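What follows are several structures.
After this come two complexes, each holding chain A, first together with chain B and then together with chain C.
Showing the complex of A and B:
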């Protein structure tokens, strides 16, 4: 046993020493930093992200991460969103036909009963509106400060999760947060994201001007573009709309999955049990 | 006069942060050395109120007195006060939920037990 401990300890020490020797002798190049070419790319993003003097390249947003996510590589993010929605579609397909409505009507599942103690419930009542407000500010400020639609939506989904744990899933359903409204919210968000991506093209179709899919600011050969500011307030063109719709979609999608996950096993069995053999 | 006031604010803030660090140390020693779950939970809450709430108020006072930050010191101070009040509200709620759940599910054994008042109350409730 003592030899085993000694072997483990000495092999860890040898690993650390070998790695540090390799790094000091230049195994990863002379600096443990990204290659100079990569750093050039980063400084290019920082230079162009809010630079009205270079209207060809700028995204008109001081928050470079949101600008990269929804402007520089917007199509990539659109497909990431699509993957997220496919996952929710998969959860919905697994739970198809199963509803908590019938269990809600049972006398044994009265809404007020169950859940944690009164202290926890009071704290949750105070905290839930606060979470919604903070998450909305994360999403609406996503083009100015760190944050964005996905982050805000995930934070907003914590509020129904808290209610779900501290009260019960039936309490959440009785407040109107059930599968169907969340599905509608998610769909509205997704349609909004697609419409924002196609906004410049749709305007271009009617005006006969050249435009691109996912266009944010005007380009030399495509004079259309979304406004960078409205009456002096910076909205960064399409970024604000993307963030708002992504917020709705992610909050709805996560809440939907949380409700589906919290369906009790007996309810699921009562739906998929089929006929019993005698 | 204003300068002296800022100095006092910064001194009070530093004092609160130091007290918080000592309380964190005491809480972590208690977490390691106490015999069962419920008293260890008590040591952990020493770390949340004395070790997190108090230093955050201290950080707010320090930021309010640190004039070199300019206007931004009010953002720092406001953020610290909001976080501190949330911890003051939610730390006790979390430890209450943990203690209640572990008592009712009998997951934690209160081993060196001197007196259990809650058990007597529960038995009285069952008799009625």
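Showing the complex of A and C:
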């Protein structure tokens, strides 16, 4: 059995190496991979991402990826956030009516003890604030350096996950990180995203000027726009706000799902009941 | 040097294609729902790396690898931008992969919840046994 596995694996590796060599030597036609240049669209994105000389096209962000995510192709990201929203709504619907509140009262004496060893707990105590700080830095610098709201939010959700695994779900709930605050955090983030998307339109309603949904920098027929800089600090218009609100929404959503996933089976059994299959 | 680069890049591409095949085998052939979800995440990650590889570009010069699509100054001149556009990799696949990762994570969590519910109701995650259940 072990020899068979070894043979399968090594033959796959040899096949990959041989095919790569054949392609490199031009035995199967000449394909100079990787291609020497990028497509014209990519060059255009790279050229205009932080280019005040072309105020109509620029996103005023040195980070081309964030500029594409929240400016050039902002509607894509809006609907992607909607998919994320629906997936978490689906998870919540499957766990509807199941609450840890009653179990928390029964198990209040279990908050302190349990969990992993003292070494793990001490390390987690030191690491959890660091993870939060690093994730906030990733999100707040998302328009300047690699990173952004999604990455920061996913990194921030690691901190409660660490506490869940190393201490217990009851410990996390006793610290105030439970379903309802996370739901509120996520809602605040989503509302913030939609308000930021409509910011230029809302300003346009009051000033009587033309504006577009998801507008970042001023356009020729829509002179409104969010400021690219505030007292010399580059905030790239709406990108900073999008990143911050997406950070809140993603961190809250994932923490919520992690808490729901870690509800003990006996608590869930007491809620769903019904006939059991053996 | 460029020959070696091409060879390494081809190894990356073919490994990804074979990885797609292996993960599809995992999705179709493994009976456990958890194993199917693991294979699905491998599949989506492979597709993401493949998309990133599509956006990669050949080395601008033999000693200069391509740079990430991030400008390192806040007030670049036109010369800086022209140089940047000739050196940096394609940012568009990276942006699409970024959204794909978050969607993939959310969908994976939803599938995990569905599997958990299947396990709670039927006591198994084996699709053959779940299919044989009546009622």
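Rule of thumb we're sticking to: the second predicted complex is superposed on the first by the 232 of 278 C-alpha atoms of A that agree within 3 Å, B and C clash if a C-alpha of one lies under 4 Å from a C-alpha of the other, contacts with A are read in each partner's own complex, and residues count from 1 in each chain.
Methods note: a residue touches a chain if its C-beta (ideal position, glycine included) is under 8 Å from a C-beta of that chain, and two chains touch if they have at least 3 such contacts.
None of these values were measured; they are calculated from a predicted model.
Of the two partners, chain B and chain C, it is C that touches more residues of chain A. In the superposition on chain A, no contact is made by A:176 with either chain B or chain C. By the touch criterion defined above, A:16 reaches chain C but does not reach chain B.
In the superposed model, A:97 makes contact with neither chain B nor chain C.
In the superposition on chain A, A:43 contacts chain C only, with no contact to chain B. Contacts of A:120 after superposition on the shared chain: chain B is touched, whereas chain C is not. Applying the stated contact rule after C-alpha superposition, one finds that A:53 touches chain C and leaves chain B untouched. Within the complex formed with chain A, the residues of chain B that make contact are 89-90, 93, 96-97, 100-101.
Only residues 3, 5-7, 9-11, 13-15, 18, 53, 55-58, 68-74, 76, 78, 81-82, 84-85, 88-92, 94-96, 98-99, 101-103, 105-107, 109-110, 112-114, 116-117, 120-123, 133 of chain C touch chain A when the two sit together in their complex. Touching chain B in their complex are the following residues of chain A: 116-117, 119-120, 123, 126-127. Partner chain C is touched in their complex by these residues of chain A: 12, 15-17, 19-21, 23-24, 32-39, 41-43, 45-47, 49-51, 53, 62-65, 67-69, 73, 76-77, 80, 83-84, 87-88, 90-91, 94-95, 144-146, 148, 150-151, 154, 234, 250, 253-254, 257, 260-261, 265, 268-269, 272, 276-278.
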